[in-house]
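Next up, some structures in structure tokens.
In the two assemblies presented below, chain A is common to both, partnered first by chain B and then by chain C.
Presenting the complex of A and B:
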């Protein structure tokens, strides 16, 4: 275990060093994050203007959902996209061979090899936005609520990671999977509005098939003190199922892997 | 160290005719075809041996090499490397081998090699103190200095290859798989890499399996050569035996005091060229001494040379012909 921690520290240390090689990029990315959040809030205000309600959510409560969405968007930028997007490159250039010959878990390597710090600013902004929305909604944050919110955010992170990883792992067969991840991103974008804002069939889809609801709506409901226990349990079960699926799909993909130049 | 028995690998490939019609047909009804990349190959390699692995592009070298590392599952046959079945990629197995590929790199492009080395040290669980000592030793052997702290993208091809070798050897593997390690290097850099590999083998007793397009690599490093041709093992043994097998004739070059007609050489061998006083003959090794005696008897000889044809020319011919 110690070896994995040390490796992760080196991974992210080198990732940070790589980013800092290009100073201007860091500034531009930070600027992009702020502009993008501004745009999202503008769009949100069109649906949930002060005094207006949609599906039982008011403006302040919708801000919590938007806040959590921003957190996960940041997580995608910081962690999922740089790593899982690189699997295609490993396969095309044949450098996956080097990964497979290291005495370390290959899923660990391809999932955590790098890190884009620019996404972190989005995570911080999102948490801030959710906290502000909660404060405006008059939420009293007890340790129990905070703990449950954190747990559900972790459940959400596992689900999000597994969804991304399942798609990224198909690059072992189809070298072009970037379009598929764009579709996933578009579907996930539906998570920026509360689940109740959608018609019933979509709600079912977003709860069970592509569990977007667990990313944003469920943690927000926990924060607002109106989440039901069965839903939380379902979240845990789904995250375990998705993670197990991602893991076994990766092992299956590797069995089929015969490198780019045979 | 390595035992390979009746190893075969068959690939399934889809045939596609050119043009739009071919593309449509390819999309609707894919015709699959089995291509055998490696057929029934058997050999054994002892610890500490340096073995050259020869073959044309597509002969099956890389496929065999990758099966030995565990990157490709064999279709049939047995492989045992360092006591393990490679395709299981057991951590203990992976710690004992390394793979260097001339056309692929594991170093991080934007950072100095030292950063990649530190990542590798962590991955292999090598304590920093030990890693520093090994880096110092290996960089000394490789003549690498401040290159280790310069971004990889700013290094020359030769420096980069040496850094790749350092990264691949940090965990002190007992078994080195080198796929074209000198590809694209200039003559000096090739020589440096070659000297390093010989020295590394001498010092550590590591087993080395090396593929190269440059015959000089093989002649300098490998007393034993495996030649793979169209997926099958064509030769296993010393390089000079391969030479005599590929070219059963010796080249005899004569410089005579006086010009002689072509008929004068009948019964001595095959006449390659005859230009005034300079004569080139090909002679069967079995009758070489008899022929030389007759030549010295019949002609006034100013100079005489007996040669094997150059090995790279022979193998080049073999590869061009595509058949034996």
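Presenting the complex of A and C:
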């Protein structure tokens, strides 16, 4: 275990050093993060007005959802896209062989090899926005609530990672499926808004098939103190199922990997 | 006779080869088409929201607007800067520059080839939409359809020129795609892809009309969906943006090529 921690520190230390070589890029990325959040808030504000609600959520409550969405968008930018997006390159160029030969778990390596610092600023901004929304909604934060929120955010992170990983791993067979993650991104964008704002069939889709609901709406509900226990349990079960699926799919995919140009 | 370096044989060869090339990647393009579902998600959100009344799109007009926005986006999407950056970094650009044809035409042809490959997939998605929402079905008049086609092509031309402008900066900086992200953000929020322009407060609307963004999705989508819209103002603005951008792109391109010293420069 200690070996993995040490490796991780090295991975991210070198990633940070590489990124700081391109300083203009970092500035542009940060500007993009701020503009993107500003645009999202403007778009969200269009749904509100005096006495208007979105699916029974008021402006401040919707801000919590938007905040959590920003957190997970940041996680995607920081870790999922740079790492999982590179799998297809490893397969095409045959460098996946080098990864498989290393005395370390290959899924660990391909999932956490690098990170993009710009995404971290998004995570921080998102947490800030969620905290502001919670404060404005008059949420009293008890240790129990805080713990549950953190737990549900972890559940959400596992679900998001597993979804991305499942799609990225298919590039072992179809070298060109990277675009499938674009489809996933488009669907995940629905998490910007509370689940109740969607019509019933989509709500079912976003809860069970592509569990976007657990990324943003459920943690926000926990924070507002109106989440139901069965839903939280369902979240746990789903995240365990998705993670197990991602893990076994990777092992299955590797059995079909026949080295470079397969 | 050649017009802008093109004659009928060159056009046919370029389009034919690029279409064949894109057909090879049809599975990938199908996924691209599917990744454009965002307007439908926004439609489901808008149609159930309290704020719907302020859009000025009642009943099926809203469904038609977002379906049109989806279709316009499908046929005006531009990825030129990514293709160009790769070509420039890998040195593939050098042989293109030696040919007696402006390299930008090659990118135009590959976009047109890709649009043709995309056509059946986009039509399929529209078909599924009408199965779910049969009351929204409509067939635009021939005149309306041709106008919408023209507006979509103009939108494509503006988007293509904007990206070419950024691509020309690749001659100076290797990471010009980062700038593309900054251009994409205002496009995403103000083009009408996520919310019709009428959803914004009047002050924002007035300001946005001076940018190219609403003419990329909102205007062509309204023409296609048969919404009453000021055709003269819309086409006039589209034409003005093309006339403004085209010389800029050509000038910047020429200055860039002069700087270019092949492979990794």
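Here is the rule we use: the second predicted complex is superposed on the first by the 257 of 262 C-alpha atoms of A that agree within 3 Å, B and C clash if a C-alpha of one lies under 4 Å from a C-alpha of the other, contacts with A are read in each partner's own complex, and residues count from 1 in each chain.
Note that a residue touches a chain if its C-beta (ideal position, glycine included) is under 8 Å from a C-beta of that chain, and two chains touch if they have at least 3 such contacts.
Predicted, not measured: the structure shown is a model, and the values here were computed from it.
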item: Touched partner set for A:102, first chain B, second chain C, both or neither; value: first
item: Contacts of A:252 with chain B and chain C, given as first, second, both or neither; value: neither
item: Which superposed partner A:187 touches (first chain B, second chain C, both, neither); value: second
item: Chain B versus chain C, judged by how many residues of chain A each one touches; value: C
item: Partner chain in contact with A:173 - chain B first, chain C second, else both or neither; value: neither
item: Contacts of A:6 with chain B and chain C, given as first, second, both or neither; value: first
item: Residues of chain A at both interfaces, chain B in one complex, chain C in the other; value: none
item: Chain C to chain A touching residues, read off their complex; value: 25, 27-28, 31-32, 34-38, 41, 44-45, 47-51, 54, 173, 175, 178-179, 181-182, 185-186, 188-189, 194-195, 199-200, 204
item: Contacting residues of chain A [partner chain C, same complex]; value: 22, 24-25, 28-29, 31-32, 35-36, 39, 42-43, 46-49, 52-55, 174, 176-177, 179-180, 182-183, 185-187, 189-190, 193, 197-199, 202
item: Residues on chain B engaged by chain A in the complex (per definition of touch); value: 11, 37, 62-63, 66, 69-73, 89, 91-92, 94-95, 97-99, 101, 104-106, 108, 110-111, 115-116, 118-119, 121-125, 151
item: Chain A - residues contacting chain B, complex; value: 3, 6-7, 9-11, 13-14, 17-18, 21, 93-95, 97-98, 100-104, 255, 258-259, 261-262
